[in-house]
């Protein structure tokens, strides 16, 4: 009885909240925004070095956001790995000798790698970019994990950590280098903008793919003979 | 120069994070100690810069607002940067010796620590609503990671609860940001304030959403339940970081928002509600702190109470005279600083005491007074600041808030301040008392190394002496949540 | 900043530094601790004496800095502060000597003497505080530094007493803080020593000033053990004897009384307080506390508890004196700050000696103790007669001046209060003296310890004897130029004829 | 009213649904699903409202799109982290809810309704 | 008009899949519905002129989150927990 009442109250509150929010959204929608940022972006797009305005915003105008965002990814992956107590993050139980999966893997993984490459390359001019590419890369990894391919690079040792940190580190190094060359951090020197952005994107793709894959496989179930935690 | 100092604050900690990620705990320790030195120097450098040059805005990547992300470097931000440098260095120094370097998962401590520092600095400086959101999320995830590292069941439970609550808080904040962007089309806080003042647009719901989300993340009563388990179960240096700095980040953003946008968008009811909830936190948090059996839980619940005071900022700065508002802002800033120092000292000292008596219970402290442990003394001195007794920073904060509430005619907050001080005395003296008990069979007492004991003592002395050097600090604060003009 | 202006700071630092040094010394180096303590105490006596000389010749010692906008930390030596500082310096030295003897071979001495010095530093700060803010600073520091002394023994009873003490004093502190902050908001940070400055305020503020006055007195009244805020004092008796002695004579109780003196005399000014209509109620309260304390003292069978209630009564003489509008009465109140301190510390030292040497705590166990411990008992007798007000002792001077002051102020009922109180004093002290000297000693004392040639340890014997002698001298030499009475009259005359 | 606004209102409803689900559902995985739905709602509002133009020319606005991209990555990181924690928590305790029977988190704060409330959250 | 119809249908489907995700009794079903929700979201993003987000949503939002959720559900289904009791894990902080 009491539980029903509580549920009812919560639902009522949520409905009221939705209503209030809808009214506010409607209200805001009546007037145009006071500043038209898209016009500014379009104006400065040529200076940004890329043709895709979203990429320009992500990796040039608001690159600091993106840097922190990659930080978030690394943090999540790191915490995930810290939960695992095994020498490898792989789950051999999952490894099957399923013919179908094996065939899928043989055909799909190269295809996915190609797609990832395309997305990365396209990112600067057309829709696409490091995150999308990285996700596809990770998906390829997942497929490999389900198949028979052992993935030794996923040992939570130095290699994995190096992979995780690579994109992030390159981003930082570019920031540093740009500061030496130009006015400010992440202020890419003229003419180099596109090269640097594409470089960053490429390493990021690798790193993001690895992070996502690590997060996927770092599920802490696959522990064999975990030591009793001495306290 | 400015560019390099800004980079020193924002990017160098990230670099330390990247380096320590590749190292073991022991090696990471050396790198981190070096890093702390560098960060402290950079922080002091920025401080001198602001003293020399005054407040300024700095566009990151050469892009000014509204297109790019702009940093706002003013007295308040510098105070928080310096506070972070102090408390984080203390906790990091302590952690390097305190944490067990044989545990394989401890190597994740340093990168998380550095990510946290980087994100804290970014929150203090950023003047961009969305960038603040990303900064907050980095802080949340690192804090959760730091609590969960080690992966014991109770740590996981605390970390999960913390994560879920914090995520919802962030969502509320982000929703507010989305609405603000819809209305104004910009994300720079300074530009939003100008537009709002020019056009007189009321944004009560977005502001309420953002403040609500941030209040949840700052563990405002009645959404405080996640804090004590998380702060209590974490390792002591981590608890110090969490109580001292992490909780303050979301409050800091709330305060900035309120003082920039509150005059137009805030309402008296909202301010009073926040004040009342803060007061309830003071009373309820203290009461629960009194009832805890575990030492660190006492300290953690005390954080709930102490954070409650901060929310008096909202009623004391709305529709009051400029002077009263300034007094309230100064009082709250002081409260943040002194609480961070005192709580850092308390958690570190509690960690040492637990190490000494090999138990986390309050009652296990019986007879400890006989061994004249240095850490007990640090704990006691930090307690003076929590109780708001002179000459501590807590006292100065209380004094300023008292003045503000009496001058604004809202005398009921004065009563809350006084009652809160007494309530905190109850739980602080409970611990003192436990240590004075004479008839205990405690004959074995491990004295931790002096270097481990020195850190909390320094923090405690800083908190205690803060009240006497308030004037220079408030001068730096100037017009704390200032009216600085947009370049 | 000249050297003389630093003197108040030095006076404060002597005991503060001593405290830090003692804390950092290991428990084993007891001799070193004692040396540090005594050197610091002597140094402080010298500094205070030097300052008193200067103050007498109208030198002003002041040092301060801004803490917060509009709030100043100010130390300053004026005539009134010298009374309290002098008392504190002299008694600290004697009590340290006594404590060294009393705590020989007991545990936690380092902790004890550390907090002991801290406690004295606080009283010195209270004495030298130049404004209400600074006063409050040290007032709270005193609360904190006395707590470890009261619970020093760590027994359940001591912890309970400590709890009561902290509950009372911190509540009082919070109330006081409200008053101080409010006052600051109304009139800014007023410096002590310019009486009547509040009289020039806008009369519209007077209602607020009345409320603030009540709040301030209530806050200070806790430590001064004004009825009905006295509950903690008798319980605090579980503390070691030197602590009780210090608590009653200089530290806590006296700090409260001194604060009331500062508020009435220096902040509001007696005349302005009268104008606000607050002086008379305060007088009645003091008079009632005097009688109440005496009656309750009569009902106690434990020696230290009886002395405690006697303190409650005696402290209110100081406040009563203040409320007698006029220089003579005020001088009577002020001089009692010193007189009561000397007499009460004598009595507590003696009570400690009986307990330590003979194991005697209750009054009915004191039969014939005079023969066994003649020195102590003579000192006790002098203290007790002083309290009763027998000429020519210090207490007599107080009561005489108060009586004259009351007549001058046309408040005859005060004489009645003084008479009844003296009768009650006699009623609870004379039986003790009778037991000491005229009853036969029991065959065995509860826990006797033998100290060879002397009746007790030399360090326990000499302090009460010295204070008893001073009590006599205070009375005999009251008319001299440097006597406490002349000093008090000097202060009072400045207030009323300036 | 342009179509973009329709999506914004869709986002509003998603927010409400997500919030309700987050509070009412106790299973940790379900809470996490609700959180993701809430997040998607907010992203829709962010882009829909901004691109709607409010009387001005509606059109593509790259800034909120970039913000949403960042937001998605942050959300997925948080989700992944939460999943890792939940799985290990389940592995150690066999529980899928935070608030539960005897031995779970409230040993220290039995009398704190605040903590109970958040447990339900 | 057809565009409006399309948009309306998309939003409707979106809300339906979301509510179905939340109320579904079976956890596995809920996760599958959530993946469907992510795909519909991706379609919405396309309609909102945001192909970048559409790609990311499909790959990360629906794809990766979905797989992560599925993996977690499968663990919960298999009931993999550690054999010994959980209470052994409660530890004082000492010595760590």
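A few notes on this one:
Letters A, B, C, D and E mark the chains as written, and numbering starts fresh at 1 in each.
Note that in this section a contact is a pair of C-beta atoms (placed from the backbone, for glycine too) under 8 Å apart; a residue touches a chain by one contact, two chains touch by 3 or more.
Quick caveat, the model's predicted, so the values are computed rather than measured.
Taking chain B out in thought, with all other chains where they are, the connected groups by touch are A, D, E | C. Interface comparison, B-D against B-C: more C-beta pairs in contact at B-D. When chain centres are taken as C-alpha averages, the shortest distance to the whole-protein C-alpha average belongs to B. Using the average of C-alpha coordinates as each chain's centre, C ends up farthest from chain A. Set against the C-alpha centre of chain D, every other chain centre is closer than that of C. Chain B and chain E have Cα centroids separated by 34 Å. Averaged C-alpha coordinates give centres for chain A and chain C that are 72 Å from one another. Per-chain Cα centroids separate chain C from chain D by 64 Å. Across the assembly, chain A contributes 21, 25, 28-29, 31, 33, 36-37, 41, 54, 62, 65, 69, 72, 75-76, 79, 83, 129, 131, 212, 215-216, 219-221, 229, 231 as residues in contact with two or more other chains.
Each of residues 130, 134, 137, 141, 144-145, 148, 150-154, 175, 179, 181-182, 185 in chain B touches at least two other chains.
In chain C, no residue touches two or more other chains. Residues of chain D that touch chain B in their complex: 15, 19, 22, 28, 31-32, 35, 38-39, 42, 45-46, 49-50, 52, 54, 63-64, 67, 70-71, 74, 77-78, 81-82, 85-86, 88-89, 92-93, 98, 104-105, 108-109, 111-119, 121.
Looking at the complex, you find that chain B touches chain D at residues 130, 134, 137, 140-141, 144-145, 148, 151-154, 156-161, 163-165, 167-168, 171, 174-175, 177-179, 181-182, 185, 187, 221-226, 228-229, 232, 284, 288, 291-294, 297. Only residues 3-4, 7-8, 11, 14-15, 18-19, 21-22, 27, 30-31, 34, 37, 41, 44-45, 47-50, 52-53, 56-57, 60-61, 64-65, 68-69, 71-73, 75-76, 80-82, 86-87, 89-90 of chain E touch chain D when the two sit together in their complex. Contacts from chain B toward chain C in the complex involve residues 330, 367, 369-370, 372, 377, 384, 387, 389-391, 395-396, 398-400, 402-403, 406-407, 414, 418-419, 421-422, 425, 429, 432-433, 436-439, 467-468, 470-471, 474. Note for the complex: chain B touches chain A at residues 3-4, 6-7, 10-11, 14-15, 17-18, 21-22, 59-63, 66-69, 105, 108, 111-112, 115, 118-119, 122, 130-131, 134-135, 137-138, 141-142, 144-145, 148-152, 175, 179, 181-186, 191, 195, 199, 205-206.
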